Structure formats: structure tokens, C-alpha cells
Amino acid sequence: MVNLVLDDDARMLKDSAERFMADKLPVKELRRVRDAEDADGFSRDAWAEMAAMGFAGALIPEEFGGAGMGHVAMGLVMEAAGRNLSPSPLFATAVLGVSAVTLAGSEAQKADILPRVAEGKLLLALAVDEFRRHRPSQVDTEATPAGDGYTLRGAKLNVADGHVADRIVVSAKTPDGAVGLFLVESGAAGLEVERTVMVDSRNAAILRFEGTPAVALGDVGAGAGALAQVLDIGAAHLSAELLGLSLEAFERTVAYINERKQFGVIIGTFQSLQHRAAHLFAEIELVKSAVLAALSALDEGSERTPLLVSLAKAKAAQVADLATNEGIQMHGGVGMTDEYDIGLYMKRARPAAQMLGDERFHTDRFATLRGY
Amino acid sequence: MVNLVLDDDARMLKDSAERFMADKLPVKELRRVRDAEDADGFSRDAWAEMAAMGFAGALIPEEFGGAGMGHVAMGLVMEAAGRNLSPSPLFATAVLGVSAVTLAGSEAQKADILPRVAEGKLLLALAVDEFRRHRPSQVDTEATPAGDGYTLRGAKLNVADGHVADRIVVSAKTPDGAVGLFLVESGAAGLEVERTVMVDSRNAAILRFEGTPAVALGDVGAGAGALAQVLDIGAAHLSAELLGLSLEAFERTVAYINERKQFGVIIGTFQSLQHRAAHLFAEIELVKSAVLAALSALDEGSERTPLLVSLAKAKAAQVADLATNEGIQMHGGVGMTDEYDIGLYMKRARPAAQMLGDERFHTDRFATLRGY
Amino acid sequence: MFDLEDFRADTRAWLEENCPASMREPAREDADRCWGGRNPQFKSEDQRLWMERMAERGWTAPEWPTEYGGGGLSKEQAKILREEMGRIHARSPLDSFGIWMIGPALLKYGSEALKKQHLPPIVRGEIRWCQGYSEPGAGSDLAGLQTRAIDHGDHYIVNGQKIWTSYANKADWCFCLVRTDPDAKKQLGISLVLFDMATPGVETRPIKLISGASPFCETFLTDVRVEKSQLVGEENKGWTYAKYLLTHEREMISGMGRTASGDKALWELVADAAGMDADGKLDDPMLRTDVARWDLDAMAFALTSERINAEAKAGQGVGAASAMLKYYGTELNKRRYELAIAAEGADAMVWEGQAHKGGALPRAWLRTKANSIEGGTTEVQLNIISKNILGLG
Amino acid sequence: MFDLEDFRADTRAWLEENCPASMREPAREDADRCWGGRNPQFKSEDQRLWMERMAERGWTAPEWPTEYGGGGLSKEQAKILREEMGRIHARSPLDSFGIWMIGPALLKYGSEALKKQHLPPIVRGEIRWCQGYSEPGAGSDLAGLQTRAIDHGDHYIVNGQKIWTSYANKADWCFCLVRTDPDAKKQLGISLVLFDMATPGVETRPIKLISGASPFCETFLTDVRVEKSQLVGEENKGWTYAKYLLTHEREMISGMGRTASGDKALWELVADAAGMDADGKLDDPMLRTDVARWDLDAMAFALTSERINAEAKAGQGVGAASAMLKYYGTELNKRRYELAIAAEGADAMVWEGQAHKGGALPRAWLRTKANSIEGGTTEVQLNIISKNILGLG
């Protein structure tokens, strides 16, 4: 039985995360880094503050300098980031990278990497996808033993923050065909990084490995199992971000139609819009429950975790589409202008919905896990 | 390029078919045969009149005593029958049976059977399905050569009018594994007929063949090809019936909400109902075009016929669901009572939508025929 | 904590001893349900025994005070009882609008005399109740009701007509909304009264539904005498009590989506009907897509019901959540049955025939179409959400 | 009949000779389209040649009378021209709001002098037009427009602000709705006037859209002098002409669903992006389900457009059909692009990068979101259907 109610600590954290994101990383900040064509795509000062708030190390065990807050708590931070479209290394470093190192890394690697991440001094990235659509089973990148370590050959796509990461966790196939996780340093020989700006003004990279030196992250044989967990963790936190994004898009839309007049009448009094808004409200309520259930399951180590994560991601992706489509349609013409924020919510909704598996990927996985 | 506009002749036929069905076989007539638990499930007198009108022989070539009207014309009769939920052997005999005999039968069989059908003196049925869902490729019924003819062993489900048919066209597998069509007489030895009343108060039968004597319908080797055409013809005419049913359910619903008051206001003035009705209007317009295109394609012998038939059946099935669901919901409580007709439209919509392949069957077939 | 564990052990032992084996499987048809009443119809001796044994302990209404015949259990104990009954798949001993609806309303708003008179027979299953709310032509506009109660000193004389009264033809008593002040604004002139269905002037006529069943009646009230002692709460305040009852009803109906998914899972039913392929996937990929999307929604909805209940307990609830649950739950249940009949194909279309259980599936499918109409239509729920939660209009 | 066949042969021969090879493939980006105007921007010499050759024969506006520079073709001949151009995939020689919108309105409602003045330069692609309709804050409430034209004898002085004027910053002339009688009821005081965008007091400011493009402007009108000779039809009758133009616009936009399906079929795009399995089916069965349902709707919609056109020609049309086509066509086009980006996955999310054509797909996807807003929102179309066709409300 998963926990579905936030306790007082969690609600305090939720408040402070929402206040932080609204103050320091509001939509305006996304516009700033976008229009300035900022090389990083986020503010390093703000990241330092997030580290000070404990967000960078939220998922890092206390023994390695983190806050050890757990996934429900971190999900609240992601939700707040979703509400504000806050650009930061939170997802790539503090969710994906940290989880990979924590779950797969050796004690020495954890002691080396995690404290510096918690301090905001080291950025991470996870390189998994090799195909335009998420297919975690497709791993053609090869890791060949070389000396104490390995050399990598292959290419990875859609690596969030791959252009700034100091350390990159890469999935690759060893000569025996097993998938393991490997650690590559930025600037390593034979590593080519092509920065790409995405529709949401965030950065992803295409990484090419041409004999790039790497070390195994922990025990190579345990990499595949750890990776599966990391992907679930990532999908759950993207769902939390999509929830925040959907809520904010919805609330802004409801506020807009409650003000805007047409034919001399507030358009929020038109029953067809009311019913569509009410339906969307109900759908978002379902997303809330699914996201909380997935995060709770992660915290509890429940064996239903994969099922609940796919439930959350499929439902959050589907509803974020609906919320942003309805958002633009109900805003009308101004919704199409760059001046209004609602379009930015749509532009973030799709990549977040697609990353680590879209609605169809997770619906299919959900069905398979249910046994059909 | 298929013909999408009715010419004057067709429009006159449409008028007279609609007048006939509304006068002679209105919904009241369905209630009558249902409540009387009529053994046939339809009025033989009315069928005689339909024969006199030329409906029984509409698809029968003139040389065999029919009207040779073609599928667009017959589709208008089916549409009128759909509007009035008219119970009659029109579909089983005049569409399925006639098409099977016309396409597969020998000259002698046609000369024997078709004129009597056109006169309303012989009823037919087509027995194909062996599984609860339409799977035309699944044929386990066996036809073994015996003397000049064959003996059949197996069972068929969901045989429309199987309880009254004088001749039944049966698909069965010959010893070489090919599917052929066979003709069985009612009352034949080893033929067991179990009558079943369906949700739409029509009759279907389960037929069991235990060494039942049969003759080949024309050339056994050509049976499979003819059957495929017959199934397309049947599906196209069911689509026409579903179109009529959807139109009538829709028009009655619009009329109802334009009269009915709640909270002192005509409910048809509520915008959410208006928008749902307008959407349904648009969907029905699409069905009109798809049905007409499928029937025209049949008349023209177009090679796009299977594609257009699957388009029509999938779309007609989907929209009939929507039209009857919305119909009941917009009628509110009275829609749930047997006293109002709208429930009868829902009860006919589902079996007509399922017969010879439901929305999913034809969507899948459409995609396959499109090449994906 | 220890007390609760003791309670669980005692309950388990008692149920093991007292719940007949035939009562340990789900109700398959209406006759499997026990509704009690003056002329109770028991399908089996086991059914009678099971109701009487549970009633004796007050466990037909576990949380009602013992002074009114109830079980006097705490919330935690009642939960344990439900869990233990669930463990052995024990059937509900008594289905009752008395327990579900008028009982809770009397406990909250009724006089001591009314509670003493009506609650114990409800617990014992001796009196079956029906609800006189809707009127012909009013639909969702409940407050527009026209049934008049004229004051005659110690009693009212009631005239009017009700519709959609569940099992009125089988009920012994009725809780009924009547207009006591015709001059007051709609909601302000309504009272809630109770009367015996055997009172002269009460007539019922069953309504035949599209499913073929007749669970509802039209009820005609002609000069029906209702004692003032049978007025619930205050005169002209009936709308308050009605709203309380409606919320109860809505929650009951919205539970349907959940109950349904508590039965055999939809996908199992589909797998039985349509088959699985070699990879262990449902054989029809398009049906699988639609079933999976329903299944996702159903699981997310079940979690949402849980969450909202848990939040309400923790004092964090949004009001009007019941409108959302009612809306979504009933629409889900309709989708469920559309998918079920699609999977069963022609078998699901058989209404009367030797096989196929007398058309149970198509009748159940047709029945679901009322879910989004009864207890406040889907449209009314969406209005409530948009006005009360979203503040639109 | 023979004449038409001759016409076809001649047309085919002429096109073969005169349509440059590079103009025989679809436009891939905005720069591939030729909009003409005083300062025309030609991407290539071929593009210029192609426009000039077609304009010389009047075939940029094939059905307009030759006296105004048009092609003077009959409907049948025009259809043959379209078919023959389609056969060689010839690109449109000239995209023009003049040809699509104000031209037909002038032919129907304009004075002889206005036709003579404006139509020939439109055919020759010498003057590019924009449309001054919407105003800030008015949205779908077009008739509520505030831009005032004060009568000064032989001219008006116009003050006000327009929004969503397509390419106003690149246009030479504007057809503009103004209020000439502020006391008349909304629709009754509106006139349609024409003015040169170079007139003093006309200023434009491009609006940046979410797609990054700026095809629309805000247009500010400050004491703009408009000669009375440039009034279309009668004063205060502008709403009639506006409705005619709107219907035209709606049909143009509703064509989008069709145009799109005329390009590479969605399923081919999906197959390229997502792959096919060993059975020749799209690799992702759930995506295949969604694509197939879209594909069905798109084909049924294309047939419906054909049918309604054919019925209109046969005099059987329902009025207001354009509202239905606009509604359904734009919603289809939005669905199409949602499916396209789902199939392309991360590739479709790339906005700027070495590959992926400068984010063409995500920009096109974002652009479709305006389809159901411009030219009358989806909500307005549904209102029109329910009121004008269904007679509701």
C-alpha cells in the first residue's frame, strides 16, 4: 500500500521549493538564457543556490554529503521546476546522474563524485538512447577492455546536459554482449560532443565515442540492473515535472478565460469551455495520484515500482499534451505568440513526455507488466 | 474517382425506400415482433411487399428476375431500414445470400434460386463465423466429398436469419485445405439449428453440421474469392444501415434537446451539448461520404473496394457507438426506459457494428491494405 | 493496537464459523443480493442465515451506535471487519437504502424518536426503504419538485408523483422530498418526510428499462396522510438533508468504476474472450491498446479515490471532490463495458439463448449507461467542478 | 468534349516547355513560395520565370476574366490545368491573398473601376495584399471592431489598430474593415476599404510566434487617408463582404488537412521514423493504432470535402458546410502533426542543430496549433454548426 498523503515535512519542502523556483528560476529566466543564447543553458549561480538549498544532493545519501530526502520529496522539487519551467541541471545531474552513481558506483566512486555533486561543483549526464525513440534495449555502443579500464565506440543521442557534464554515465555493451555502465570524463580523447538546442530551449547533446577511454561504474555485471532502476527513477521524476507543468498551464488557462471577454462576455462562462476545463481538472487529479504512487513506490522499494512508474509516465504524458493543447486553444490568438508563456509550456511538455519513453512506450510496458 | 453525388433516380429511390420503411416497418413493428415473440422475427407479409417493391431482388440481375439496381441504390434501402430499425430478411437474404449465389453459383443454381428470392418466396442465410469475433480466416468446418455432393461437419455462429432460411450458404474447408462455399437446405439431415435472440431482438442461429448433405455453390475452387467479395458487400451494406441508424438517433436526439426543459431552460441551449452535437454532426458527415464511396466502388468494381469498405465499416461502427451513446446521455433518464426508442437504436448499433468485423477489425485491415 | 489485533482474530474466527460457504463468493445476479424487508425473498437458507447472524451483531451497519442496533465499531474496527470479510470473499449480508442512505441522514439530522423507531429495523433487515426524489420532467432540476404537502395540523396531506424510485414496488417505507412552502424560492420550501408505502393513496408502477429489468418505479401519491412526527429535521430545511443524501448517492455510484476493477480484471476477461498471442500479449493489438489505456485510467482513478479519502481523513480535502469522482468513475465504467462487449463479440450480443447466462453481459452493459445519468448527470458534475472548484462562470 | 481534350494536350505541351525543372517539386520552406509584390523576393531565376510565364497567360488566376488579366478558363478547363500541373508536380507559381481573397470579393462586389485598377496587377504578381480584419482584444468577435473611418467628403480618415495581419510588413496594399457608422448595431456600421500600405500613418510591427516565425503583424493606423474611390461596394455593407471573405478563408484553412495528406502520407513518415516489423506493419502497435485511426478520418474527410463540393455543384449543398470542413480539417491537421512528432521522437524536438533542417518539423507542428484559432476558432465553427445547421439554441 503506497502512501498517498504528504506529511508536514513534505508540505514544507513543497512550499519552499515552489517559492525558490518562482523567485529564482521563473519562466523569465528560461527566456533570459534562451534569448542570450547562453552557452550552458542555465545559470551556474542559481545552481549553486540550489545546491545550498539541498536540491542538488536531495537524492544523495547523507554519508556522501547529500540530504537523503527520498523520491517523494525530490518529486516535489521537480514539480516546482515543472511549474516554472526552471532551467537547471536538476534532472540530468541530481536525478539521473546521482541515481546512476548511487546505484551502480563503487564506494570509491561514490565518495569521489557524490559530495562534489551535492556541493554543486560537478555536473553529470546519462547517455542511453541510440535511437530517436526511447528503446533502452537497443545498445550498439561497444565497451572494449583496455588496461585497467575500457574504450568506448559508438554514439548516443538526446543526452540531456551532455554539453556541460563533467562526468557522463554511458551504457555500453561489453564483448560478452552484456550491458554495463561506464564513466567518461568531459574532454576525454575521442569524445565528440555536438550540442543541440531543443524545442524547449534546453540542451541535449549527440555524443560520439571513437575509442574514448572510460572506467566501469562499479561492477560491470550489475550495470544493466542498476540502469533499469535509474530509468524508472528518471521517468518518475519527469512525470513529477509534467504534473507541475500541467497544473501551471491549467491554472493559467483557467485564470485567463475567467478574465478574457468576447462578445462582451467572460469566455469562462461558456459552458463548453467549462466542461472541457472540468474534464482536464479530473485528468490532472489522476496524474497527481499516479505520480505520488510511483515516487512512494520508489522510496519503499516496492516491487510494483516499474508498473506504477509506467502508469505515472503514460498518464502524465497524455495529460500534459491535453493541458497544453487546451491551454493554447483557450488562450486563442495570443496563445500562439511568443509573448505569452503558455506556448513555452507546450514546448517543454513534448520533450519531457518523450524522454525515457512516451505515452505509448509506457502504456505498452504497463500492459506487459500487467500480464497482457 | 468514385461517384459521391446521388443522381435523380437514386434520390427518388431513397424517398420511396424511406417512405416504405416509415410506413410499413417503423420501430413500432420491431416492438411488435419482439413483444409477440414472433417465431420468424419479422412479418412475412411485409417481406412480400418488399419483394413487390423490388427490394428483395434489388441486387439480383434482371435476367434472373431482379431489379439489378446496384449497391448504391440498395444501400439507400439499407439506410432507410437503419433509420427505422426495420426487421426483415433484407440483409441476410437480399444482400448476403443473393451476393453469394450471384457471385459463386452456377447458372443453374442462379436460375433455380434467384427468381424465387426476387419474388420473396425463398429466404437465404450466410454461415461464416466460427468464433465469437469475426475471423473469416478461421474455417474449421469440413466439407467431405460424398457422391455428387459433400457432407459437412462443424459449427457456425451468429448466422443472421439462420432460423428461417430455406437455403444456407456455408463456408467450409475441403480435404485439400481450400475454403469453398456450399449450399445446405433447411431441414437437411444432421443439421441442428439453435435459434438465438440477440440484443437487437433479431434472430441469429448457431448451426451444427453433423454429416449434413450439401452441394457446392458453383465451382468450389472459386468459393474463397467469391466469399471475400460477399463479405465486403455485406460490410458495406451494414455500414449503410449504421449510417441510417446514426442519422435517425442523432436527429431524434437533437429534436429532443430542442424541446426538453431543465431549470426552466431548453437544454439544447446549453453550449456543451451544442458542441457535442455539432461534433457528432461532422462525424456523421464523414460516415456519409465513406459509405457512399464504398458502395460506389462496389458498383464500379474498383480495386480500392476492400480499402473503402473497411474505411466505411470502421468509421460507421465508431460513429454509431458515439451517436447512440450521446443519444441516451442527452435523453437522460427517459433514454434508459424501454418506452423511448433511443435505447433500441443503441441495441441495434452494436451487433450491426460487430457483424462481419468491428471497428478494430476494419481499422486493422485498412492499415494493412494501406501498406502498414 | 493489541486490542485491534485481538479484534481481528475474534472477527476472523467468528466469520469462519458463521459465514456459510455459499456466501463466500461474489453475487452473480440480482437474486444473489439480500434486500430484506417485510416480505424478504431469500434465494437460499444460507442467505437468510448469513443476514440474521450479521444483523444480530449489528454488523449489517457496523459503525452505527449499539443503542440503535448497530455494531458500535470504531472506524478501525469496521475496516478490519471489511478486510476480514474480503479475505474470505464474503458477500454483503444485506443491501439496503436504509443503511446506505436514510440511516446516515437520520443519525445526523433525525430526532431521537425517529432514530429509535427506524434504525433498529433497518439493521435487522426488517424494513426495506425507497427514495422519493425525482419527479417526471424534472431530470437534474431536483429542486424544482412539485409534490405538495399541505399542513393539516398534526399531519400533512401529500399529492404528487415521483419517478426513478428504486424498487418502490418492493419497499416498505419511503423517504420523500415534498414541497411544504410553495411560495418560497425553489430550494427553501422543501421538507424531507417518511411514510409507510402501505399508506392509502400510494401506488407504484415499475418502469421497464432497456436492459429488460425494472428496478425503478413511478410512484403516485394521492391524498397520502403523513404524520408530522415523520418529518426529518425542520420543515422547509429538506434541501440541506437532500444534498447530504445526494453526496452519499454520488459516492456510491462513483464507486462503480472501482468495484468493477475489483472483479475480474478487464484484461483477463478480454484475454479469455479474444485470446493471447505467442508473446503473451492480447491477440488483437488494437483492442490491447484500448484496454491498456482504460486499465491505466482505472488504476489511476482507484489511486485517486484512495488519495482523496486519505486527504479527507488528514483534513486536506478539496470540497466537491465527489463530483469529480462521480463523473470520472461512471464514465470509466461505461468504457469498461464497451470494451468487454467488444471483446466478447457476438457472444455479448446474445439476449436470450441456451448459453450466455440469459444475456447477463449485454444487460449489464446497458445498465452502465445510466451511471452517468443517475445521481446527478455527468453534465451536472462538470458544472459543479467548473463552478465550485474552478470558480468559472 | 473534343475541345477539352485538345485543351489538355495543349496545356500539357505548354507546361512541359515552360515549367522549369526546379519548379516541379513541392515547396519545402517559405522561401520556396513566390508571393510577388513591388519588391518581389525570388529564391531563384526559375521561380521568377515560372511566375512570369504563368502570369502572362493569366494562369496565376485561371478562372478570372481575361479583361482583368485572368486566364478566362471555364471550370472544366481550370480543373484540367490543375490536373496537368499536378501530373508534373508543378509548384504554385504565385501565392497571393489577392488571388485567394480580395480578388474574388472584387469580382463579386467591386465597381468596374476597382476591378480594372486592382485585378490585373494581382494576376501579374505586382501587388501583394494583406487583410486588416482582427483587432486586439476582439478575438472571434470580429464584428465588434473599433477602427474608425471618419467621412471627409471625398475621403475617410482612418484611426485604429489591427492585429494578425498576415505579412503586413511585406504587403503593398491592404483590404481593411473599418467602422463607418459608430451608432449602428455592430454589424451594420462596417465598411470594406482598400489602401496602399505606403500611405502616411500606416505602421506595422511583426508578432513573434511560438514557432519562431513572424508571419503576422500588428498594424497601427493613425490618421490614414483613404480615398472614397477605394470603398468596396456600399458604405456600411462591409459585413456582407467580410462574411464572403471569411468563408473563403475558412475553406482555405480547412484544406490544410487535405493538403497535408496529399504530401507524403503520415504512415510513410511514421514508417521511416519508427520502422516496420517483419510482417510489414508499423513497429509500434500502439502508434499504428493511432495512425490508422487518423488515417481513416483523414480519408473520410477528404471524401467528404469532395462530396460537399460535388453536391454544391449539383445544387444539393447544405449551407454552413464550410464551418464543418473548417472545424474537422483543422483538428485533423493538429492530430497529424502530434502523430508525426511522436513518431520522430527526439529528432522532432531538435530546434537548432546541425541536422534536422533547422527544426522544420517542430516549427510546423507548433504552427498547426493556430489552425483551430485563425479564420474563426473551432468553438465558433461548432457554434455555427449547432445554430445554423442543427437549429439549436
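Think of it as A, B, C and D in the order they're written, each chain with its own count starting at 1.
By our rule, a residue touches a chain if its C-beta (ideal position, glycine included) is under 8 Å from a C-beta of that chain, and two chains touch if they have at least 3 such contacts.
By chain, UniProt protein names: A, B, C, D = Acyl-CoA dehydrogenase.
These numbers come from a predicted model, not from an experiment.
J.: Most remote chain relative to chain B (Acyl-CoA dehydrogenase), going by C-alpha centroids?
T.: A
J.: Just going by residue numbers, which of B-D, B-C or A-C has an interface where over half the contact pairs are the same as at A-D?
T.: B-C
J.: Could you grab the centroid distance between chain C (Acyl-CoA dehydrogenase) and chain D (Acyl-CoA dehydrogenase)? Build each centroid from C-alpha atoms only and quote it in angstrom.
T.: Centre-to-centre distance between chain C (Acyl-CoA dehydrogenase) and chain D (Acyl-CoA dehydrogenase): 56 Å.
J.: Between chain B (Acyl-CoA dehydrogenase) and chain D (Acyl-CoA dehydrogenase), what is the separation of their C-alpha centroids in Å?
T.: That pair's centroid distance is 43 Å.
J.: If you average the CA atoms of chain B (Acyl-CoA dehydrogenase) and of chain C (Acyl-CoA dehydrogenase), how many Å lie between those two points?
T.: 40
J.: Enumerate the residues of chain C (Acyl-CoA dehydrogenase) that touch no fewer than two other chains.
T.: Those would be 285-286, 288-290, 292, 379, 382.
J.: Give the residues of chain A (Acyl-CoA dehydrogenase) that touch two or more other chains, as numbers and ranges in rising order.
T.: Residues 270-275, 363-364 of chain A (Acyl-CoA dehydrogenase) touch two or more partner chains.
J.: Inside the complex, what are the residues of chain A (Acyl-CoA dehydrogenase) that reach chain D (Acyl-CoA dehydrogenase)?
T.: Within the complex, chain A (Acyl-CoA dehydrogenase) touches chain D (Acyl-CoA dehydrogenase) at residues 129, 131-134, 157-158, 194-201, 204, 260-264, 270, 272-273, 321, 325, 328-329, 332-333, 335-339, 343-344, 346-347, 350-351, 354-355, 358, 360, 363-364.
J.: Using the touch rule from the top, collect the residues of chain A (Acyl-CoA dehydrogenase) that touch chain B (Acyl-CoA dehydrogenase) in their complex.
T.: 270-272, 274-275
J.: Quick one: which bits of chain B (Acyl-CoA dehydrogenase) touch chain D (Acyl-CoA dehydrogenase) in the complex? Just the residue numbers, please.
T.: Those residues of chain B (Acyl-CoA dehydrogenase) that touch chain D (Acyl-CoA dehydrogenase) are 2, 4-6, 254, 257-258, 266, 268-269, 271, 273-275, 277-279, 281-282, 285-290, 292-293, 311, 314-315, 363-364, 366-368, 370-372.
J.: Can you tell me which positions in chain D (Acyl-CoA dehydrogenase) touch chain C (Acyl-CoA dehydrogenase) when the two form their complex?
T.: 285-286, 288-290, 292
J.: Within their complex, state which residues of chain C (Acyl-CoA dehydrogenase) touch chain B (Acyl-CoA dehydrogenase).
T.: Interface residues on chain C (Acyl-CoA dehydrogenase), with respect to chain B (Acyl-CoA dehydrogenase): 134, 137-141, 144, 163-164, 207-210, 212, 273-274, 284-287, 290, 334, 338, 341-354, 359, 362, 366, 369-370, 372-374, 377-379, 382.
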